[in-house]
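Have a look at these structures, which come just after this line.
Across the two complexes that follow, chain A remains constant while its partner is chain B and subsequently chain C.
Up next is the complex of A and B:
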């Protein structure tokens, strides 16, 4: 495992489209780093650049301080889990898992291959499928095999491109936990790409938020959540989403020169304080309830602990936890 | 218009299916099945189609015994086997090779593909005739090109009984390699690029990528192309007749050419029917075994 560092990496497609613009970040050895961003932000391109599948136009890529910017994929020794499984269709699960170990650059004795494959298969709970053909598996099993094919190796870094995105919600949740456990047990360095904030916050040691090919912010999940440096970043994490309102809306209680304010739904306390709003919708989630309020002509989401006994049209008192309010300027950047 | 719709409304799905199938079925029965059964019946007689008025006599398995015991027939079968095996081998290797080259992206790729495919579109009779000119020992282009690389002196591809079997192999390969190439190319284009990327990250060599990804993906396509070519070449007639008419002597007299001579030059109708049945059973048998093997490979 290695520490992987990107320095000002820039990738231009078709001479005009800047897919990556001066990307710099470091994945520390043994850490789980998640790149978070919407479709088209440059997440996959970043991974492919690190693996060597995409040549970069400017910048440097370092593995343990060694420059690999121009090295071939095989020389970089990374493991890649692709979004579309990409299993070798003509081989059994066992041979798919053994494939990277049979590389001429590695020359692992067959006995060792066998013990490694068996171990990984057990870990990913696919032992019973080892003799199945790769094409005879369900989606979840295929993705386990794809992850397993990466895990049998001890590469410099594991690169994972939305590996869980095509699985159903239940399987995604359980694999998420498994993957984090595996990473902790192996002490693996993982760079993981996703647009799913739940995956990011549950697994990451560090999150890098990407915006149009640029890094918007890097930090721990807590930092990103509590201290986003722009509205864009604030919108990436948190469910229900953060409320962004103009300063005039709350001018009666907060005096500020900020243009916009950010209020997390859980920081709006219902049933206390002296502001009054009407209830628009009530969405019960079990342990908590999402309540949509209308105040001063704008809508705000708040998160209420427990079940909420009120309904559409009710008038309700609420307060705002002023110490948690975030302030942004006209461009959506944070004001200190 | 309206009444037609009305009429169709009254028909069941099954009836409509029969309406569509019947014309084909009648044609198939009339020009394939009936002659086949008729030929099988005749193969047990000593029928001569040119001897009008003479009642054919039932002779049992005598025709079959005669053919299977005839060394000359086995020679024709050997010539056919030589032709089929070599054309298939060459067309598989060259076709796959060309497909691999054309699967790369380069300028003029599509134009080149079109040019390579041209021979396949020509009439076999035309191909046969102009290759007799190309093979001409004195002025032929083929001999000129061969002698350009290594001086063999004057040689006659069609006239020599050792070279003639190779001359028909070369022409058939020239004409039909584009066919295997096209089908292999379709196979190659169906391989998703991410498999190669995965293999590259997995540190597989180019050779391993070929063995583990390219070959298994393209093999079912190649085998299918070879099945078509095998059946066609086992029945090969027109091209070879134009080129060598089975000569010199009977050096290139394929089974089908021999069959035509027995049936329509010597008019041994009963005897040649038996021979035709034997050829049919051979193709049918080989074809079935081949398809079984092919399906196994596909499943693997």
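Up next is the complex of A and C:
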């Protein structure tokens, strides 16, 4: 495992489209780094650049301070889990898992391959499927084989491109936990790409938020959540989404020169304080309830602990936890 | 009324109609072939009898004549010989002839095998490499090059027979196996590139990328991962190339005579006493059909296996 560092990596497609613009970040050895961003932000391109599948136009990629910017994919010794699981359909599951170990670069003896494959198959609970053809698996099994094919090796870094996005919710949750455990047990360095904030917050040691090919912010999940440096970043984490309102709306209680305010739904306290709003919708989630309020002509989501016994049209008192309010300027950047 | 049928399945009537059309088509195409196979088992006399004999006493005379050279001998000489040792000698003797040696058929037949399979292998191999390059790499003027490759088939190959004849004579490629393999490869290559490019385009590039990250070079990834998945296309292409090279007649007549002559120009020239030896020609044609038939049947399972790209989510 290695520390992977990107310095000012820029990738331009078709001479005009800047897919990556001066990307710089470091994945420390043994850490779980998540790149978070919507479709088209450059997450996959970043992974492909690190793996050597895309040539970059500017910048450097370093593995343990060694420059690999121009090295061939095979020479970089990374492991990649693709979004489309891309198992080799003409091989059995066993041979799929053994494939990287049989590379002419590694020449691992068959006996050792056997023990490694067996171990990984057990860990991922696919032992009974080893003799199946790759095409005779369910989606979840295929994805576990694809992850297994990466885990049989000890590469410099594991690169994972939304590996769970094609699975159903239940399987996704359990694999998420499994993956984090595996990472902790192996001390693996993982760069994980996703647009799913739950995956990012549950697994990451560090999150890098991408915006249009640029790094918007890097930090621990708590930092990104509590201290986003722009509205864009604030929108990436938190469910329900953060409320962004103009300062005029809350001028009666908060005096500020900030143009916009960010209010997390859980920081709006219902049934207390002296502000009054009407209830628009009530969405019961079990342990919590999402309540949509209308106040001063704008809608705000708030998260209520427990079940909420109000309904549409009710008037309700609420208060705002002023110490948690985030302040942004006209461009959506944070004001200290 | 049958209501258990799913709307996606054809109705009983359309099934029957389809079967009828196929059977009629089969009868039409199989009559000449059946006649040739039947002729190969006739005696020389019954092959040319009029009206044609549909039921006849089978004989292996045609096959014996195909594989041997014979000469007619006077009865006294035949009587002076020791009794025939094998069934085919006996058959020839009964026609008052002796076997003077093997015919050229086996040589011509092996020429066909060498040239047919050689050209097929080469066309498919080179075609696959070119198709992969066109499918994956940024080739300058890609579309123009692909069109140029296709345009080589826009005239019948025989249109360039004269220049090729002169060129082959100058290069010493006339009447050689290599010359014929090169010629048939060249003719087949454009078809192979076009067919295979379509199949290569269908194979997601993630497979090679995964293999390259897993420690294989692009070439190794091509052989280990891409080619096995292109099997359907390779089988289809190989069948087309094989059928062309195996059946090609005009260039074979023009460019080969002794050393590299293939079976097609040879078979119709099998001459018996007083005219063409129809049973022997029938026998030659029947044997000639077999390799390409086996080849097609063997590869057919890859054709039918069809599009089973199951392991990539699209």
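One rule holds for everything that comes next: the second predicted complex is superposed on the first by the 336 of 336 C-alpha atoms of A that agree within 3 Å, B and C clash if a C-alpha of one lies under 4 Å from a C-alpha of the other, contacts with A are read in each partner's own complex, and residues count from 1 in each chain.
What we mean here is this: contacts are C-beta pairs under 8 Å (C-beta built on N, C-alpha and C of every residue); 3 or more make two chains touch, one makes a residue touch a chain.
Note that the structure is predicted; figures quoted are calculated from it, not measured.
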(request) Record, for the superposition on chain A, whether partners chain B and chain C clash or fit. (result) clash
(request) Once the structures are superposed on A, label A:197 by its partner contacts, choosing first (chain B), second (chain C), both or neither. (result) neither
(request) Determine, for the superposed model, which of the two partners chain B and chain C contacts more residues of chain A. (result) C
(message) Quick check for you: in the superposed arrangement, does A:166 touch first (chain B), second (chain C), both or neither?
(response) second
(request) Considering only the touch criterion stated at the top, classify A:104 as touching first (chain B), second (chain C), both, or neither. (result) both
(message) Quick check for you: in the superposed arrangement, does A:77 touch first (chain B), second (chain C), both or neither?
(response) both
(request) Could you tell me which of 40-48, 76-84 or 94-102 in chain C overlaps chain B after superposing the two complexes on chain A? (result) 40-48
(message) On chain A, which stretch or stretches are contacted by chain B in one complex as well as by chain C in the other?
(response) 51-53, 72-74, 77-80, 82, 84, 86, 88-90, 99-100, 103-106, 149, 153
(request) State the interface residues of chain A toward chain B in the complex, per the touch definition above. (result) 51-53, 72-74, 77-80, 82, 84, 86, 88-91, 99-100, 102-106, 149, 153
(request) Over in the complex, which chain A residues touch chain C? Could you list them? (result) 51-53, 72-74, 76-80, 82, 84-90, 99-100, 103-106, 134-135, 137, 139, 142, 149, 153, 166
(message) Taking the touch rule as given, give the residues of chain B at its contact with chain A in the complex, in rising order.
(response) 192, 194-195, 197-205, 208, 212-213, 216-217, 300
(message) Touching residues of chain C toward chain A in the complex: what are they?
(response) 204, 206-207, 209-217, 220, 225, 228-229, 231, 308-314
